[in-house]
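The same chain A turns up in both complexes below, where it pairs with chain B and then with chain C.
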Partner chain A sequence: MVKRIVVGAHYGLRDWIGQRATAVYMALYTVIFALYALALPEMSYEAWSAMFSGGFLRFLTFLFFLALFYHAWIGVRDIFMDYIKPTGIRLGLHVIVLFLLIGYAGWAAQILWRL
Partner chain B sequence: MPCACRMRSNGVYNPGCFALGDPRLIRPHIEGCKTMSEATARKPRPKFLALNEIRLPLPGIVSILHRVSGAGLFLFLPFLLFLFDRSLGSPESFAVYKSVVSNWFIKLILFGLLWAYLHHFCAGIRFLLLDLHKGLELEAARKSSRVVLVVSIALTLIIGVMLW
Partner chain C sequence: MTKRSVQFKIYRYDPDKDEKPYMQDITVDLEPSDKKLLDALVRLKGKDDTLSFRRSCREGVCGSDAMNINGKNGLACLTAIDGLPQPVVLRPLPGLPVIRDLIVDMTQFFKQYHSIKPYLVNDDPAPERERLQSPEDREELNGLYECILCACCSTSCPSFWWNPDKFVGPAGLLAAYRFLADTRDQATTERLDNLEDPYRLFRCHSIMNCVDVCPKGLNPTRAIGKIKDMMVARAV
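Moving on, here comes the complex of A and B:
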């Protein structure tokens, strides 16, 4: 049997950059969203859903969700890498988190494209 | 006993070597190179862990709160997505959303999540700047961590009161 180390740092740089790139995008989106929200005449269903049915903000919002889920994946993975030492449990948790986040991405797409 | 280190290989006198009788030697009656400080360095260092006196420095507090807020936001993602879903579903589901967020306990949770988001936001910008080697000096790092804590709490109060 070939002994392989199932954890390591060889995939680190891509995720390191990904974490920061998604962070920058989400920070910019937060400002854009705040400006849109401040321009809302009232917090009603009509105004709120009209805001997101505009193609531009819907596109940006979906991108925000994708960035958020990728960012969350890296962050949660790092937390597990720091505190969960048994490899089996850690990998199990990784799979659960990945499945959850992929599911959330589908949910976010459904919320935005049913408008 | 001749001291092996008295002369370096190039013949220069080694000032780190002590003559017989030098009080800095552990055993001054024997000529050698071992000084008091060298010997004590090998002993296990005493531990001083007064847990009530150890304090995480400000940048450390910002760092651990960055992790805590991120973990909290992740754990509440399904709840936040549920609220977003209800708010955009239909006029009826919007009413459901309204009634959920008008509960004072839910408001309290959302207030906490708002702080978590804003702290993660502010601390994240600080870490991005640190990645760019901006504000790495001790004083600047302490100052920026204080700014992160104050600004995120202030923004939480302002936005939280606006939305309450």
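Moving on, here comes the complex of A and C:
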């Protein structure tokens, strides 16, 4: 490949909005979760498990994790874009982080639905 | 009357002579007419003519004498000497290659500026006199057209430091919005297409270093926000 500066990938707006939207959701979720947790009659596994058994909080929590991983993906990608200059290494790191985050999402689902 | 003098610590580097840059301690006596930092620098130049810096209009219009003054980018001609903590530490604008002393190579900066097509695009036949705007439409250009391209903003931006070849930078983006906001311009779509890019526009994370340093009091972050607003408006 010739050594020329190439730009013009024509994306970025969706990620920019996505990062803001997920941030707002995570802030809201934190408040909702705090209210749920404060309303717990006691700090025991049974109470904790019952809190999630309704499905609603489980859904919100899973959404929270998805928001967190999407948010983290954009943030980490930004860091790589700034500091990792060789394209091959950057691509490799992108793939690793993407796989990790998708794996974490599956793991989060497994944990939540096992509670 | 006691003589006023200023202590300086100045970045010196002459690639023909010096192996590496060094900081020079030097004191200069001022005349009563010396008000601005540039006056002191001109005095210094009289004392040591190897000191190199750019200056031209000496009144904040040409944008030549931008430098890093006590850690903050600014124009020497607009910075009052009185009140500056001493020794006054002067360095070249950060992030650009140094040609000599306080003179930097601005090629990259202007390349980015040119990349946004900083001129009116209008294919209609030119009218007999001028292309008119309503006063309200003209109002939109205030706070945008005043940029003097001194590069204080772009060289205070970490995103520009890391990607000067790909990120347009605050000065270029302010100029980009100046033409996006111009009702006489017909290339809005092309301009937005040109900027919709993770590097060219979205390296900006609104940390507002550019706003902090702009010697003309402009707000590139707001302009960048308006470019993003326009993109949202056409996408959703």
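Here are a few things to note about the model shown:
Here is the rule we go by: the second predicted complex is superposed on the first by the 105 of 115 C-alpha atoms of A that agree within 3 Å, B and C clash if a C-alpha of one lies under 4 Å from a C-alpha of the other, contacts with A are read in each partner's own complex, and residues count from 1 in each chain.
Just so we're on the same page, a residue touches a chain if its C-beta (ideal position, glycine included) is under 8 Å from a C-beta of that chain, and two chains touch if they have at least 3 such contacts.
Here the structure is a predicted model, which is why all the values come from computation and not from measurement.
Using the contact criterion defined above for the overlaid structures, shared-chain residue A:62 touches neither chain B nor chain C, since it reaches no partner. In the overlay built on the shared chain, the residue A:52 is in contact with chain B alone; chain C does not reach it. Once chain A of one complex is fitted onto chain A of the other, the partner contacts of A:13 are limited to chain C, with no touch recorded for chain B. The partner of chain A that touches more of its residues, comparing chain B with chain C, is B. Looking at the shared chain after the overlay, A:24 reaches chain B, while chain C stays out of its contact range.
By the touch criterion defined above, A:80 reaches neither chain B nor chain C.
Residues of chain B touching chain A in their complex: 67, 70-71, 73-74, 77-78, 81, 84-85, 87-91, 94, 121, 124-125, 128, 131.
On the side of chain A, the complex with chain B involves touching residues 20, 23-24, 27, 30, 44-45, 48-49, 52, 72, 75-76, 79, 100, 104, 107-108, 111-112, 114-115.
The touching residues of chain A, when paired with chain C in their complex, are 5, 7-17, 78, 81-83. Within the complex formed with chain A, the chain C residues making contact are 158-159, 162-163, 165-166, 193-194, 196-203, 205, 228, 231-232, 235.
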